[in-house]
Amino acid sequence: MNLQAEIPLDYMIVLSTIVFFVGLLGVIIRRNLISMLMGVELMLNAVNINFVAFNHYLFPHRLEGHFFALIVMAIAAAEAAIAIALIINIYRQFATVNVDDVDELKY
Amino acid sequence: MNPLLLLLLIPLLTVIGIALAKGTKQVRLVSAIGMSAQLLFAFVLLFLFYKERNTGNTEDMLFVSSTMWYESFNIQLKFGVDGISVSMILLTAIVTFAGIFASWQVESLSKEFFISLIILATGVFGFFISLDLFTMFLFYEMAVIPMYLLIGIWGSGPKEYSAMKLTLMLMGGSALLLVGLLGIYFNSAPDGGRLTFDLTEIAKVHIPLAAQLFFFPFTFIGFGILGALFPFHTWSPDGHASAPTAVSMLHAGVLMKLGGYGCFRVAMYLLPEAAHELAWIFIILTSISVVYGAFGAIWQKDLKYINAYSSVSHCGLVLFALLMMNETATTGAILQMISHGLMTALFFALIGMIYGRTHTRMINEMGGLMKVIPFLSVVYVIAGLASLGLPGLSGFVAEMTIFVGSFQHTDTFHRVATIVACSSIVITAVYILRVVGILLLGPITNNHYLELKDAQWFEKLSTVTLVSAIAIIGLTPFWLSDLIREPLAHMIQNLTNL
Amino acid sequence: MDYSYTLLILLLPFLLFLFIGLIGNKMKPQLSGVLGTTGLLVITVLSYFTAFNYFTNKTGEAFKAIEAFQFLWLQFTDKLIIHLGILLDPLSVMMLVVITTVSLMVHIYSMGYMKGEVGFARSYSFLSLFTCSRLGLVLATNIFQMYIFWELVGVSSYLLIGFYYERPSAVAAAKKAFIVTRFADLGFLIGILILSFYTNTFDFNLLTSDDGPAIAQPATAVFMGLSVTTWAMLLIFMGGAGKSAMFPLHIWLPDAMEGPTPVSALIHAATMVVAGVYLVARLFPIYHFTSPDSLNVIMYVGSFTSLFAAIIACTQLDIKRVLAFSTLSQIGYMMVALGVSGYGSEGLGYMASLFHLFTHAFFKALLFLGAGSVIHAVHSNLMTEMGGLKKYMPITHITFLIACLTIAGIPPLSGFFSKDEILVAAFEHNKMVFAVQWLVAGLTAFYMFRLYFNIFWSSNREYHHTPHESPASMTIPLILLAVASIFSGFVPFHDLVTTDGLPLQTEFHAMIAVPSVAIAVVGIIFSAMLYFRKNPKPESIATSLSGIYTFVYHKFYIDEVYLFITHNIIFQFISRPVAWFDRHIVDGTMNLIGNTTVFFSGAIKRMQSGHVQWYIWYFTSGALLLVLLILYLN
Amino acid sequence: MNWSVISSMRLEVLLTIMVLYQLIADLSEKENKRSVINFTIFFFSVITIIGWLPSANANLFGSMYIQDELRILLKNILNISTLIILLQSTGWLSKSENQSKTGAFYLLIFSTLMGMYFMISAGDFLMLYLGLELATLPLTILAAFDKGIRRSAEAGIKLLMSSAVSSAVLLFGLSLMYGVYGTLHFSEMALLTDASTVSIVALIFFIAGLGFKLSLVPFHLWTADVYEGSPLPITSYFSVVSKGAALFTLMLVLYRIFGHQSKEWTLTAYFLAISSMVVGNLFALRQKNLKRFMAFSSITQAGFMMLGFVNSDTLGMTTVIYFMLIYSFSNLAVFGVLSIVTNATGKESMDDFNGFYATNPRLSLVLLLALFSLAGIPPVAGFFGKFFLFTAAASKGMFVLVFIAVINATVSLYYYLLVVKAMFINVNDKPIPCLSTSWYEKAAFSICFSGIMMIGFISAIYNYVMKVVG
Amino acid sequence: MTGPKIIFFILAASIVTFSILSVTSRRILRAAIFLLFVLVAMAGLYYMMNFQFLAAVQLILYAGGIVVLIIFSILLTSQINSKLDRPKMSHLIAGIVTAVGGIVLAAITILQYTFHPTTESPIGTDMRTIGIQLLDTQITGYALPFEVISILLLAALVGSIFIARKHNT
C-alpha cells in the first residue's frame, strides 16, 4: 500500500528525530552501560527510519536508503556484540557496569 | 661555487668533526680549528668583497646565487652579501672564535656544548647571508633554539627558568615575525605577478600602505624582541645571568644583532612608509630603553645583570639610530651593533673568567682584583672605557656617528629624543666607573683572593682578540664606516623618497 | 716651511704610552722613567723649534694659521668630516711651549718624587698618555678632534688621579673627577652637535674666519628665547667650565689632590684645567661676533669663581687644597679676561688672559712642585704639621717664595704683568668686575703668604725624623721653573698671541697697577702679622666668626649638595625604582602571562572529567552549538 | 572480475589475504609466535612497496570504489605509518603475556587498516560509513587489549560508547544528506549544489562524526583517556593512522564533493582549529603521563591541520597532506622511544625520563628531534609543514587565525621543551637504564629519523604531493 | 481516519512512548523489553512502507539477536530485581536540554525544507530485486558492501571472543 497520500513525510521525520534524541537522552542520563547501549540502538534505529522514509517517499526509484538501513542494522549488530563483550570485560575488572565508577582515566 | 656557502659549510664540517672526535681535548681542538678557519675565511671574504667592488661591480649585493627551492611558494635558496652583512659576518666570526677559547674549560658534555654552540653560530651566519625571507626566518629560529639547551644544561643559577623564559619570549617574537613575513609575502605582488620571498625583489615593489601599517609592528617588534626593545627585554637579564660564558658572549654579542639587522633589513627596508608613519612610537620606546637600561644597570649587584642592562641600553641605541632613518645615523647603528657586539662579548668573557676564579658575580663581595689579576682587570677597564665611549675605542665612533646622524632631524621631537639618548653617555660612565671602582680598585676585601691566578693562554687569546678588534675599529674607523655606508646610501634613499 | 715633523710631537708620547704601558712592568722602573723623560725632552725641543720657526718667519703682518697636516679619520655626512691633524697658530704654538715645558719639568721631578713607588712605570705611561692627549687637544684642527682628545684628557686624568688605586679616597676622587667632567662634556657634545649642524663644519679655520658660516651667516633659529648659536656656545662653554672647574662644576678639583703631587702640578698648572680657557680662546671670534651674551656669562662665572675660590683658599689647611683653590681663582681671572675682551685692537683681554695662562703655568707648577717637595720631606699635607722648614730645605724655600711673590703680582715678576693687563681690560669693560678682581688680588696675596709663612716660618717645631732638602732631580725643576716665572713676564706677548694675529698696542696704566700692587702688599703684610710667628690670633679670628669660618672651610657645603643629588636623587629615587620596576612590573607582566595560561589550563581540567557520558554530552552539544554558530554566521 | 580490477584493488586484496592468514595462523596453537611476527612484517613491507607501484585509475562496483593516484598516495602514507608501528610493536608483542595476542592483534589491525582503505577510496557514503565502522569497532577491542588491566578495559568501553554515538550523529547527518540530495554517490552528489540549512546541518554532523576520529575539540574528549589506557602500539596507531585516515577522508569529501559549501566548512574549520589548538595546549601543559601528553599534543596538531582546511583550494589540500606526512614520522618517532622505554621498564611518566640523555643518548636525540619537529623548529621537517600550513591559511587573508596559531605553536613549544628539559637538564639518581633496541626498532627509527631530517629539505616531495592533488 | 493513518499513529505513539520508557525505566530488564517493543513497532513501520524484507531483518536481527544479547548481558552483570539508581540531576538537566534543543533545531530546520522527490518511476521492493541488487556489482549494486560487512563481522567476532574469553593468567 502507498502511504504518501495518507501520512506526510514530516511525520516520519519528526518521529525519527524524537526517537534519535530520546536515545541520546538515554545515553546521557543512564549510568548503566547496558542501558546506554540501548540508547545507542535507539539512535541507530531512528536514523534507519529516516533512510527508509526518504527512500519510500522521495526516491523510490532506487533502494539506497533501504540498503543503507540494512547495512546499519548489520553494523549495529556487530557493535552490540562488541559492546557486550567489552561490558563483560568491564564487569570483570570493575565488578560493576555503572559508568560513573569507570573513571580511572581523567584530567 | 658561491664562496658564501663556505660560511655554512665550514661550521657544518666542524660539527661533524666534533661529533667524531674523542675526548674533550680533541673536541676543543677541532672546534678551535674550525672556528679559526671560519675567522680566516671571514677576512678572506672581506678581501674578496673589496676586490669585487674594485673591479667595478656596483650591484647592491655581491656573490649572489639563487636556486629555486620550493617552486610553488617561490622560495629560493638565495644568498648574497653587501657591506653590512660582511661586517656582521666579521663580527660573528670574531666573537665565535673568542667564544670557543673562552669556553676552553668546559668539561661536562663538552662535545654537545661545542656542537650546539657552533650550530647557533651557523644559524647566525646563515641569517646574515640569506636574501630570502623564508631561509632568513629558518636560520633565525635555528640560531635561537640551541640557546635553550646551552643555558639549560651548562648554565648556572635558575637556569631552567631563565632558559625557558628566554626561549619562549624569543619564540614569541618569531611568532609575531612569522605573521609579519607572511603578510609581506602575500603583498609582495600587489599588481598581479608572482608572490615572492625574495628581499631584493620585494624592495622593488610598493606594498599597499594599509598592509604596511598592519604588518610593520609585527615585523619590527618580532625582531625587536631579540634586539631587546624596551618592554620586551626582560628575557635578557635573566638569560644572560644564567647562561655560560661563551653563550652570553654569542648571544649578546651576535644573536641580539639579528634583531637590529632584521629590524632594518626586513621591517624598515621592506615597509618604508609604515616605518615613517610609526617610527615615533618606537623612537619613544627606544630612547626610553637607552636611559632606562643605563639607570637599571646602576643599581645592579650582579656583574652579568649590570652588563645585561647595559646591553639593553646599547641595543636600544641601535634601534633608536635605525629609526632615525638617515644615512649617518644608520651607519652609526650598524657600527654600534658591531662595537657593542665586541665589547659586550669581551665583558661576558671577562665576567666568566672572574667568576671562574672568585666563584661569585656579586660586586660587593669582591674588590681590589686589580692587584691579584692585573691582566684581566686591565682588560676589564678597557672594555669599560670602550663601553662608556672613550675615543680610540669602537664605542666612541659608533655613538658619535649616531648622535650626529640623529641630530640631522630639525624637529623638536627628534631633537629631544636625541638629547635624551645622548645623556646616556653620562649614566653609562656612572655605572661603569662604579663597577670598576668596587670590583677592581680599592683594597682587597677577601684574603684568599690573594692566590688567584691571572689569565691563562686561551683566556688571553680570547680577550686580546676582542680588545684588538675594538681598538682597531676605534683607531681607524674609516674603512668600516665606509664599508657600511656604501650600501646604506641607496637603501636609505629607497627608504626616504616615497 | 714644512711643519710635518710636528706629527712626531703627537706620535711620540702615544708610542711611549703603549710601549711603557705594555712592557713597562717587565723592565727596570728607572729605565722606563728615563725613557719617558728623554722622550718628552725630544718633544720639548721639537716644540721649541716649532715655536721659534713659527714666530720668527711670519708671512705678512699677521700670523697665519698653518695646518701642518691632516688625514681623514671618520666621515659623518659629506660635509661633516672628522680630520685628525695639526693646526699651528700663535695660540696652539704658545700652548705647545707651555705644556711641553711644564710636562718636562714634571717628568724630571717625578723621577725623584716617585722613586721606589710600586707603579713607577705605570705612572710614566699614564703621564705620556696625558701629554699626548693634551697636545692633541691644543693642536686640534677641528672641534671634533678637540672633543676626542678632550675625552682622552679626561680619561688620563682619571687614571692619574686614581693612581693609588688601593686608596678608596683616590678611587672616589678619580670617579668624581671623571663623572663631573663627563657631565660637562655632555654639554660640550650637544654644543658641538648644534654648532656643526648649523654651520655644517667642524673645522676651526672655517668656524672662526670672519666670512665663515658661523660668523658670516649665523643661524637664525631661536630656541626658548635664545638663538641656537648662543645655546651652542653656552653649552660648549659648559664643557670648558667642567674641565676648568668653574663654579658650580668645580667640586672635583680639590679632591683631585689625591693623585701624586707631580700629577696635580700637571693637571692644575699647565694643562688640564686651562683647557676650558683654551677652548673659549679658540672659539673666541664666534663668541665675540655671534653671542656676546655668552661672553658676559663667561665673565660673571669667571669673576664669581675667582672670588669664591679665593675666599675658600683662605681657610684650607691642606696645602695642596689651598693651591687647588688658588688655581680656581686664577683661572677665574683668565675667564674674566676673555669675558671682557673685545676683538682686534680691543682684544686686550684675550691677550691678557692667555698671557696669564702662560705665566700662571710656570709659577703654579713651581708652587705645586715646591709643595710636593715639602710633602715629600714632611710626609703630610697639613700646614698645621709644618713650620720652620726654611732652614731644612733652602732651595725649596727660595723657589717657593718666588712663586708666592709672582702669584701675588709683585713687580717685576711675571705674574704682575699678566694680572695687571687683566685688571686693565676689566676696568675698561666693567667696573664692578674690576673691583672684584682687584679684591681677589689682595686675597690671593694673603692666602699665598699664609701658606708660605705657615710652612717655612711659623713655629720651629721638631720633627721625629728631620726633614731634608729634596734630591737634585726634584730641585732642578724647581729652579728652572723659578727662573721661568721670574722672566716669562718679559715675553713680548702682545706681539705674538692676539685675537687677529696682528700685534697689539698696550701701554702701562699706573692708576691700575699701583692699587693692585698696593692691595697685594697689604695682603702680604696682613698675613705676615697673623702667621709669621706662631700666635693665637688666627684661631681667635676663626672662632670669633666661627659660623662663617666653618661654612667657608667646608667649601660652602657644595660637595654635600652634589652628594645628596647623586646618591639620594639619582640612586635612590631613579635607578632603584627603575630596577624594581623592571623586575616586578615589566618582568612581572611576562610571568603573569605564563601564570594565567597555567591557571586556565587548571580551570578547564574538569572538562576531562573521566565520565564518558559527559564526553558524549560535550560531543553532541558541541556539534549542535557549531550548527547554531554556522547558521547564525550565514 | 578481470585483472585490472584486482590490480587497482591490490592493496585491499592483499590485506584480505593477510587477515585470513592471521586467522589461520592464530588457530595453530604454537606458543612462540616469532615466525608469525617475522612473516607478517615481511609480508606487510612487501605490501607497502607494492602500494607504490603505478596503477590505473579505477571506478569499480558502480562507482562505490574509487581508485586514483591521490588515494593511492594517501593509502601509502597510511601503509608506511602502519609498517613503522608494526616494527615498533614487535617489542611489545614478544613480551610473554602478549604472545597469545599476536594473531588477534594483527587481524584486528589489518581489518581496521582495510576499513581505512575503504574510507579513503569510498565512492559513496555507504562505503565511507562502512569503512569508518570497520576502522573503529576493531579499534575499540584493541584499546581494551591489555586484558586484566583496568585502564585498558576502561579505554575500550569509553571509546566504544562515544564512537557509537558519534557514528550515530554522523549517520543522522548522512540520512539528511540522502533526503536532500536524493543520492549518496559521490559522483552524483558532486554535481548537485544545495545551500539549504538542512544540508549545512547534515554537513556539520558529518564533520562532527569524522572530527571525532580526528579528535578535534569539542569532539576530542575520548582521546586522552583512550590513548592513556590503550597498549602503546595501539596508542600510536590511534594517533597517526586512524587520525590520518579520518583526516584524508574528511579532506576528500569536503574538497571533492562539498566544494559548493566551502564557505560553510572553511568557517567550521576556522572555529575547530582555534578550539582544538587552544584546548589541546591548555591540557597538554599540565600532563605528566607521556601517553596522555601525546594525546593532547595530537589534539593540538589536529587543530593545526584544520588551518589547511581554512583554505578550500588545492593549496590547502596539499599542505594538509604534507603536514600529515611529517606529523606521522615525528609522532611515530616519539612513540617509538616511548614504546621501548615502557616495554623495558613500564615507565611512562615525564619524570621517569629525567637524566634520560645520560643513559640513552641516541634515543633521547631522536626524541629531541621528533619533539622539535612537532614544535616546528627548523631545520627539521616539522618547521616546513607548519610554515606551509600557515601560508595556506594566510593566503586566504586569515592573519588573525595565523597569529593565534603561531602563538599556540609557541605555547606548544613550552611543553615539548619540558620533555627535553627532563631528558637533558634534570638530574636523576636512578635514571632509566641503558636500553637495547632490536633490529626491527632500529629500522623503524631509521625510517622516522630520515623522514624527519629529509622531508623538509627535499622539495620534490612537496611538489609530488602537489602534483598528485592536482 | 483511514486505516493506515490509524495504524501509523498507533505505531508512532508506541515507538515514542516505549522509547521514552526504555530510557527512563529504572528496572533494566523492563527497559530492555520496552526497547524490544520499539523495535517491533519499527518493523511494523517498515512493513507499512513496503519494505517487508527490511522489516523481517529488523525482527530477526534486533528482536531475535540484539535484544536477546542485551538481556543475556543484563542477566550476567546485574541482579534483575535491583532498581537502577536515579539519574543524577546534572545529567538529567544537561541531557534534557540537549535532547530538546536537538529536537527543536533538527525538526525546525528539516520541516522548513521542501524536499524534491524524484520523478523517475519507482522500483519494486520484492525479494527478487533486492536479492539481485544485493549481489550486483553495477551501479545500484551492493556486492562490495556485502563483502566488507563480512570482514567487519569477522573482526567483530574474533575481537569479541578474544575480549570475552576469560584470559588465562
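Order of writing sets the chain letters: A, B, C, D and E. Residues in each chain are counted from 1.
By our rule, contacts are C-beta pairs under 8 Å (C-beta built on N, C-alpha and C of every residue); 3 or more make two chains touch, one makes a residue touch a chain.
From a predicted model like this one, the values you see are computed outputs, not experimental measurements.
Undergrad: Centre-to-centre on C-alpha atoms, which chain is most distant from chain B?
TA: E
Undergrad: Looking at CA centres, what chain is most distant from chain C?
TA: So the chain farthest away from chain C turns out to be E.
Undergrad: Distance between chain A and chain E based on Cα centroids, please, to the nearest Å.
TA: So the centre of chain A lies 5 Å away from the centre of chain E.
Undergrad: Distance between chain B and chain C based on Cα centroids, please, to the nearest Å.
TA: Computed from C-alpha means, the inter-chain centre distance equals 37 Å.
Undergrad: Just curious, how far off is chain C from chain A if you go by their C-alpha centres, in Å?
TA: Taking the average C-alpha coordinate of chain A and of chain C, the gap between them is 98 Å.
Undergrad: Centroid from C-alpha atoms only, then distance chain B to chain E, rounded to Å. What do you get?
TA: About 71 Å separates the centre of chain B from that of chain E.
Undergrad: Of all the residues in chain D, which ones touch at least 2 other chains?
TA: 126, 130, 133, 137, 141, 144, 147-148, 156-158, 161, 165, 172, 176, 179, 182, 197, 201, 224-225, 286
Undergrad: Check each residue of chain B and list the ones that touch at least two other chains.
TA: Touching at least two other chains: 168.
Undergrad: Counting only residues that touch at least 2 other chains, which ones in chain E make the list?
TA: 91, 94-95, 98, 102, 105-106, 109-110, 115-116, 118, 140, 142, 145, 149, 152, 156, 159-160, 163
Undergrad: Which chains touch which?
TA: Pairs flagged as touching, ordered by label: A-C, A-D, A-E, B-C, B-D, C-D, C-E, D-E.
Undergrad: In their shared complex, at which residues does chain C touch chain B?
TA: These residues of chain C touch chain B: 72-77, 80, 144, 147-149, 151-152, 155, 158, 162, 165-168, 171-172, 175, 178-179, 182-183, 185-186, 189-190, 193-194, 196-197, 570-571, 574-576, 578-579, 582, 586-587, 589-590, 594.
Undergrad: Over in the complex, which chain D residues touch chain B? Could you list them?
TA: Result: residues 315, 318, 372, 377-379, 383, 387-388, 390-391, 394-395, 397, 399, 402-403, 406-407, 409-410, 413-414, 417, 420-421, 424-425, 459, 462-463, 466 of chain D touch chain B.
Undergrad: Quick one: in the complex, what on chain C touches chain A?
TA: Listed in rising order, the residues are 605, 608-613, 616-617, 620.
Undergrad: For the complex, give me every residue of chain E touching chain D.
TA: Residues of chain E touching chain D: 105-106, 109-110, 112-113, 115-116, 118, 136-145, 148-149, 151-152, 154-156, 158-160, 162-163, 167-169.
Undergrad: What residues on chain A touch chain D, complex-wise?
TA: Interface residues on the chain A side: 13, 16, 20, 23-24, 27, 33, 36-37, 40, 43-44, 46-47, 50-51, 54-55, 58-59, 62, 64-65, 67-68, 71-72, 75, 78-79, 82-83, 85-87, 89-90, 92-94, 99, 102-107.
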